[in-house]
Amino acid sequence: MYIAKVVGNVVATRKEESLVGTRFMIIQQVDKHENPIGNEVVAADYIGAGKGEIVLVGTGSSVRVGDVNKGKPIDAAILGIIDEIQ
Amino acid sequence: MYIAKVVGNVVATRKEESLVGTRFMIIQQVDKHENPIGNEVVAADYIGAGKGEIVLVGTGSSVRVGDVNKGKPIDAAILGIIDEIQ
Amino acid sequence: MYIAKVVGNVVATRKEESLVGTRFMIIQQVDKHENPIGNEVVAADYIGAGKGEIVLVGTGSSVRVGDVNKGKPIDAAILGIIDEIQ
Amino acid sequence: MYIAKVVGNVVATRKEESLVGTRFMIIQQVDKHENPIGNEVVAADYIGAGKGEIVLVGTGSSVRVGDVNKGKPIDAAILGIIDEIQ
Amino acid sequence: MYIAKVVGNVVATRKEESLVGTRFMIIQQVDKHENPIGNEVVAADYIGAGKGEIVLVGTGSSVRVGDVNKGKPIDAAILGIIDEIQ
């Protein structure tokens, strides 16, 4: 997982059927001082994260473990909203 | 997932049998301002993306979750055509 | 797997239900001389690692093999506390 | 997947039993103009690719989807010989 | 897979139970001329590789395909000792 900031979102009308209704947020990985590191990626959001929020992002098959995402071609998801970095 | 631009395609006559009929597009990852980042990769396309289009690309085992791709050795696929980046 | 140093932790009140009770540590990969390499990531900790400790970190689906983590959207975990690098 | 050039091969007498009989080619990722990008990796070859050929390489669990590779600890394979890059 | 040189090992007394008895070697990826590339990682060794040896390393879920590693949180393993790079 890593810390990231939500920086935007993506709209795709024509897409894989199983993805209809999924929100796709653009996120930028950050370090613990919230400095950007690495490239932007697109993560599915089922938690309701808003632009500018600091979030915990999971990647790979891990994000399809839960019932909501099973059967969806998703490789990154917002797992939580981060309240505090210690 | 990430945002990418379709920049070409690849023709391979001699290949794994299960891949016959699959279109292989060359894609270049871009950031939300459509600036190129990272290396070109090759993604399977079942949506009908054309050269120059901005697309959403999924990677890893996620792209074999659907029925179409089960049993195919595919590690990246075009999941949707992006209409708008916000 | 890789060697890392625990450099902090993350608090997320609003998160995927299955993650309630999981400790999320911020770790920094290091080489065998404990020099930092690469980006910070967030790893689940079930071992009780403390800030400043040198740990062994596993990634990907491997960290969900055990019974504790099955069904949790986790892609990195602290597997052990390193006593000695030879 | 990505485009790569076969640049060599590797001989390993002492190895995991399930890998006996597998050809291991050293490949160099290239962009669509065949310029090298990234690091060399080792890919299993079941297609009969020769040194200097431009190939399509798959990675991760995708390459163990087919019957031939099931049960083999392989994380990269040559999926096809590329005839043309457009 | 990739070519790597064994450069050390790691001792961890406190660790996941399923990892007791596993040897953890520090490896450095190298190119075909044995020049170091990329970061050090830690790989499980079931073959008996020694410090200084050139080995073939596999990553990801592939290394848990065999019976020995099933159920162990391992994401990289030494698959063979390389005799010759051609």
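Think of it as A, B, C, D and E in the order they're written, each chain with its own count starting at 1.
Just so we're on the same page, contacts are C-beta pairs under 8 Å (C-beta built on N, C-alpha and C of every residue); 3 or more make two chains touch, one makes a residue touch a chain.
Since we're looking at a predicted model, the values are computed, not measured.
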* Asked: At what distance in angstrom does the C-alpha mean of subunit E lie from that of subunit D?
  -> 19
* Structure fact -> Between subunit A and subunit E, the Cα-mean centres are separated in Å by 31
* **Contacts with two or more other chains, residues of subunit C listed in rising order** => 60-61
* To do: Between the chains shown, work out who touches whom and classify the graph as line, ring, star, complete or other.
  => ring
* Asked: Order of chains around the ring, counting from subunit C in the direction of subunit E?
  -> C, E, D, B, A
* To do: Under the touch definition given earlier, write down the residues of subunit C that touch subunit A in their complex.
  => 7-16, 18-19, 24, 26, 39-44, 60-61, 64, 71-76
* Structure fact -> Residue positions on subunit E within touch of subunit D in the complex are 1-3, 29, 31-32, 37-38, 47, 56, 58-63, 65-66, 77, 79-86
